[in-house]
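Read from first to last, the chains carry the letters A, B, C and D; within each, the first residue is number 1.
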Amino acid sequence: MDYAIEMLNIRKEFPGIVANDNITIQLKKGEIHALLGENGAGKSTLMNVLFGLYQPEKGEIRVNGKTVKITNPNIANDLGIGMVHQHFMLVEPFTVTQNIILGSEPKNKFGKIDIATARKEIQELSDRYGLKVNPDAKISEISVGMQQRVEILKTLYRGAEVLIFDEPTAVLTPQEINELIEIMRALINEGKSIILITHKLKEIMEVCDRCTVIRKGKGIGTVDVSETNTNELASLMVGREVNFKTEKIAAMPEDTVLSIQDLYVRDARKVDLVKGLNLEVRSGEIVGIAGVDGNGQSELVEAITGLTKVKSGSIKLSGKDITNLSPRKITESGVGHIPQDRHKYGLVLDYSIGENIVLQTYYQKPYSKAKVLSYKEIFDKAKQIIEEYDVRTPSVYTKARALSGGNQQKAIIGREVDRSPQLLIATQPTRGLDVGAIEFIHKKLIEERDKGRAILLVSFELDEIMNVSDRIAVMFDGKVVANVKPEETTEQELGLLMAGSQVNKAGETSR
Amino acid sequence: MTSNNKLFGVLVPVISVIIGLLAGAVIMLLSGHNPVEGYAALWAGAFGDSYTIGETIRRTTPLILTGLAVAFAFKTGLFNIGAEGQVIVGWLAAVWVGLAIDAPMIIHLPLAILAGAAAGGLWGFLPGLLKAKLGVHEVIITIMMNYIALFVTNEIIRNVLTEQETTTGTIADTASLASDWLQSITFYSRVHYGILIALFAAFIMWFIIERTTYGYELKSVGFNSHASNYAGMNVSKNIILSMVIGGAFAGLAGAMEGLGTYGTISVMSGFTNLGFDGIAVALLGSNNAFGVVLAGLLFGVLKEGAGEMPTAAGVPTELVDIIIALIIFFVASSYIIRWALLRFKKEGK
Amino acid sequence: EEENTENTDTESTDTGTEENSEEAAEDGEAAAGDYKVAMVTDIGGVDDKSFNQSAWEGIQAWGEEQGLSQGNGIDYAQSNEKADYMPNITRFVRDEYNLIFGIGFELKEDIQTAANQYADTNFAIVDDVVEAPNAVSITFKEHQGSFLVGVAAAMKTTTNKIGFVGGVDSPLIKKFESGFIAGAKSVNPDIEVDVQYAESFADAAKGKLIATNMYDSGIDVIYHASGATGNGVFNQAKDIKQNDPEREIWVIGVDRDQHEEGAINDHNVTLTSMVKRVDVAVQDVANRGLNGEFPGGELLEYGIEENGITFATTNEEAMTEEIISTVEEWQEKILNGEVEVPQTIEELEAYEESL
Amino acid sequence: MFEALQSIIPTVLFYSAPLILTALGGVFSERSGVVNIGLEGLMVIGAFVGIVFNLTFVDVFGAWTPWVSIVVAMAVGAIFSLIHAVASITFYANQVVSGVAINMLALGIGVYLTKVWYGKGQTDMVERPFYTTDIPVLEHIPFLGPLFFEGIYVTSYIAIILAFVAWYVLYKTPFGLRLRAVGEHPMAADTNGIKVERMRYIAVLLSGALGGLGGAVFALTIASNFSHATIVGQGFMALAAVIFGKWHPLGAMGAALFFGLAQSLSVVSAGIPVLADIPQVILLIAPYLLTILALAGFIGRADAPRANGVPYIKGSR
């Protein structure tokens, strides 16, 4: 058999934990090979071993049949292994070109970087694989999808034959995902081999040839994708049956909780990004906001939560005007929010889980009295939430930083839901989480709905929107252009609406 | 693991101090001095009799306070290089009130102390404000504010508090922290009640940071201002508050000098160094109130003891600066000490 | 004088406790054999090439006469910061020194306090005034010396513009300034004197900035009373001299003869220096103490007459016969009381009007 | 006007040169992600070595003494900064702490050795400091020549040229790209095969060399001797210049020149009749006030290199 990469019986330990325990994965030349496992199963670790960032305690790595020792990324590069990391390895203030050439820069006679040559080469590569990146753009100014392509270009520029993608689609919009799949196919056509880590079983079914499953650091086995289905993959991975279609009874919406009228919001550059938006969310319903990233969703959420000033229009919560109140006032009026970026906005990573649980309520009774904190109350509360929301952490005193993404997310959701807000805004609540965790979170959202909360779900995952929402508001160019019911539409139709076509017709039909 | 951490928390500074002193001994040997004599002199200079003990305490007092000033700002992720200037204005304000007001002690003394704290707080307010509202780096502003404090204070001493004199008159007894009783039991050292204020301030800092919602907010903003903003905290307010409280501690340090040690303020031709030493004290005390007290004491002991070294052993006082610097290095590099300790433990097993 | 001393002593017993001062007197006389003298420096340090150094030289010279050496009858303590003064003083008290000098006005409060506390010990403060029966205040008539170098500057200048660089604006330095201006104007009432303060005794960069500015504006003689800030003044003068050896450019030193600082190739930019003989004063006081005649409670002012103030003539090329003789003429006038040298800006104004 | 400029410009240049050099060192260090509060200490060491070497070897090197002195000061500065490098890069020390220790250590060692070697707290004045010169050829350029190229310290121009060199190195060469990458996102650099620790060591050593150079230039153009009072705050001003200049070599140079200009103006103004009535204290604080106003008014937010001050521990995030 012709293997591009073989990782045999790999063992990697971290203090107190065996992240990889005797795992084997073999990548055939020219295939796309999925690596599947729950959060914390050890996927990233395994790939970091292959890329030379970690040294395994045991095991053997072969490249094209030859045993190799990969002690640093340079060696991996030389062996033709490139990696697109889960958290992008891009230097933000640098341009695309600078990021790509970093570490292997072409030089001219005077020791100066030969940017022109580099740019040309990058342009060529970009054209060949249909990547469409602008070599002169700054990383901080391009979309996440573009950044990912820069990561891909980085590996291609270094002549990678084997590409590792660590959860590439977690951060992409559906459109971008489709484009990425096209790019991967183009890569395979050019003779490259790919290892793809993803939690999205549909993607595996769509593009992968084979799939290796790991669970809690142990290899479970490798299956041919053509001979399996998503249900089997899921149960292999989790070790039990997983329910995909979220069970729920029909919504019984009551009073209007959130009512937005003719909202205009500007971003930092003083460009209107929300332009005359109208939206209503009633108690007992989940309204999903569908839309391509960058159509004003973030600004909408920031406006509701008070993080950005509203230019004009009004936001009412159960009839009370909350437009341009401070974030704290808005929170106190009954808005809960699961933010998109949990590390930046959701948690103080250096605080313990317990302290994070009271991030909005620390100043209220019983967590503090007369400005003096009561740690007993705080940690009691934290223990209760950890219990209730199945947050896996050694203790409530553990720093949030040490928790896996899924568990961090569960803690945030627990915190927000526990406050019993009238309105719960969930932005990308399941990004990067495994199917088990996703199932749990969706169930929680629906439970809350059934308790009579109004829920606004913002997501780029059409699946999620279709599965969880009772009503879908499609956002395009700063406005809600359509209101549809999930059972009365298809992903295709939604996709078209999101792309802005038939704006008029859709707008008319939905009103 | 936790017990290990606690143990290391104590061991690391202790080992650092020991290595620092050993290094000092080596330097003395290399430069032709007798380390035993040198350290005997150091000891005598700091603890030799009741007088030196009194002076050691006196010297420790403002160091604790400037250490707290820097540590407090650090807790909010701010670097207060401006303790120096805050000390100076605090000193000025305290003496000013001590001179200008006629009131019974129960009013006068607290008022003078508060004036010092308020002046220091004000001096921290501007950098805090500029940082919070305009994002201007607090390090530059506090450095600039140090110079402004120095020159303006000199001007006020010369032209407002006196008529072209270099030293003001002595403050009223009702504003003085000095104590005949303390002095009499310490052979007329200048130890004064300020040490109680410094210890109380350390307690206050501990309480604010660890026990109150203010502390919770301040630390939260220091760790992650985005998340704090998200959670409804007023990030600007907390940045300003942190600089103001830090400044107030430094101002108190100045008040200690003005109301306790000297009873006057003089035109200064350079900085007092209390603020700069405060940075080292804060860092050595790992920015925690209790640590700052101990670090302040260590500084006080070494600096006071150093005075005896040239006369008794011919060793230049600067040796102590070298030792302190080395101790700070070792504490900062605790990683290597921890690593060595772990190795040691493993091999012992 | 001596009678005077006695008087002050006896009078002051009313304020101090009787026993104490008697004891002090007894001590002084009984221990005449091993009279121990020490000094506490200010921040400048014992080798500041200025009054600390001079004072220590005085004590050393005195010690030599008495057969004493450092650590054995005489000693000094270095102060690195203000907070060191008091511990240093007290250390000597406890080591039973009989006479302790505080060098520099910065030690005023501490000497005052110590004198009040330790009535058995004698103290002396240099450059300031304290009030205690067991302490003597030593000051210098710097204005007189400054007057003399002002005369020299006015004689030397060809541009009729001279400069004064002060350290920290204070009554003491104002004394230098007033005397200097008075001296210069006495020779030439129309002379322009530019005055700048660096607000630091340790800012050589500022000193150099000021000197550059002054020399550029046509000033050709600068008198500095600014400690290490003056390094910058010398540095700039020497730089000008290096580039243009023909250019007549001068610095007047302060406190001691700063001839050495002015050397540049075959030239020397130090015109003269206002020399303050702290050593003379210190030896004088030590001797009086030794003889049981400690002038407690007195203010001793050392001027030209007392040999405490002189001007340097080391730079023979620059200090021509003519200049020296003119300066000496004025010195005579000061000595015989014909000229009363102003010590403050107000007195200076009055003096200028009288010209 | 012309004359005013002619007297201001050379003063600005000599005042700023040590700050520029030291600030460039700060830029290198901080661009690589190592905070350097220790600039003051590095200047102290530079000044100490510059003076001591000059005093000791003036007979050996003659007219070349100041030049050899600053080179030796650079070397010793670099070696001294190794302490900061080892502590903050290899031992993951808190970089601010280590920098503060550098400052104390440098002054301690400098003054201690001065006392041990010379038996007193300050050295003699050096016989051969730097002197100003007219720059050949350039001095004849009309108008500009007399302003910029007459009576100038060559070291001032070295400082300015080095600023441009630093800019070229940081922004035009692979080395600079890597160094900046290490300061922004060390893990990204690591995955690209760049040796993060080595880059940081080089950067810190450069800051030591430049800080040493800055201190030596200060000592040999301005102070002429060494004592505890030779370097008092210049290092902190250089640090301020680094931040003021937004961690850019040319920005730092601009900031240092601005400080020089402000100081020079405060001195010059005292001599200008119209301004003579302004209280002295206003002129004294003017340079510092101007800096604050400039920052608050139009310079505003300055973002440090992202990873500045964060030790890079492989495998953590």
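Going forward, a contact is a pair of C-beta atoms (placed from the backbone, for glycine too) under 8 Å apart; a residue touches a chain by one contact, two chains touch by 3 or more.
Everything quoted here is computed from the prediction, not taken from an experiment.
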Graph separation of subunit A and subunit C (steps between touching chains): 2
Taking each chain's C-alpha mean as its centre, the one farthest from subunit B: A
Pair joined by more contacting C-beta pairs (A-D or C-D): C-D
Averaged-CA centre spacing for the pair subunit D and subunit A, given as whole angstrom: 46
Centroid distance [mean C-alpha coordinates] between subunit C and subunit B, Å: 35
Distance between the centres, which are taken as Cα means, of subunit D and subunit B, whole angstrom: 28
Contacts with 2+ other chains: residues of subunit C: 78, 80, 169, 199, 201-202
Contacts with two or more other chains, residues of subunit B listed in rising order: 151, 154, 270
Multi-chain contact sites of subunit D, meaning residues that touch two or more partners: 229, 232, 280, 284
Touch relationships between chains, expressed as pairs: A-B, A-D, B-C, B-D, C-D
Interfacial residue positions of subunit C with respect to subunit D in the complex: 45-49, 78, 80, 169, 194, 196-197, 199, 201-206, 208-210, 212-214, 216-217, 228, 231-232, 234-235, 238-239, 242-243, 260-261, 263
Residues of subunit D that touch subunit B when the two form their complex: 83, 86-88, 91-94, 96-98, 100-105, 107-109, 111-113, 115-116, 229, 232-233, 236-237, 239-240, 243-244, 279-281, 284-285, 287-289, 291-292, 295-296, 299-302, 304
Subunit C-touching residues of subunit B, taken from the complex the two chains share: 45, 49, 51-52, 55, 59, 151, 154, 158, 164-167, 170, 187-190, 261-264, 266-267, 269-270, 272-273, 304, 307-308, 310-311, 317
Interfacial residue positions of subunit A with respect to subunit B in the complex: 305, 307, 326-332, 337, 339, 344-351, 355, 359-360, 362-363, 368, 371-373
Partner subunit D, residues of subunit A touching it in the complex: 51, 53-54, 72-74, 77, 83, 85, 87-94, 98-99, 101-105, 107, 111-113, 154
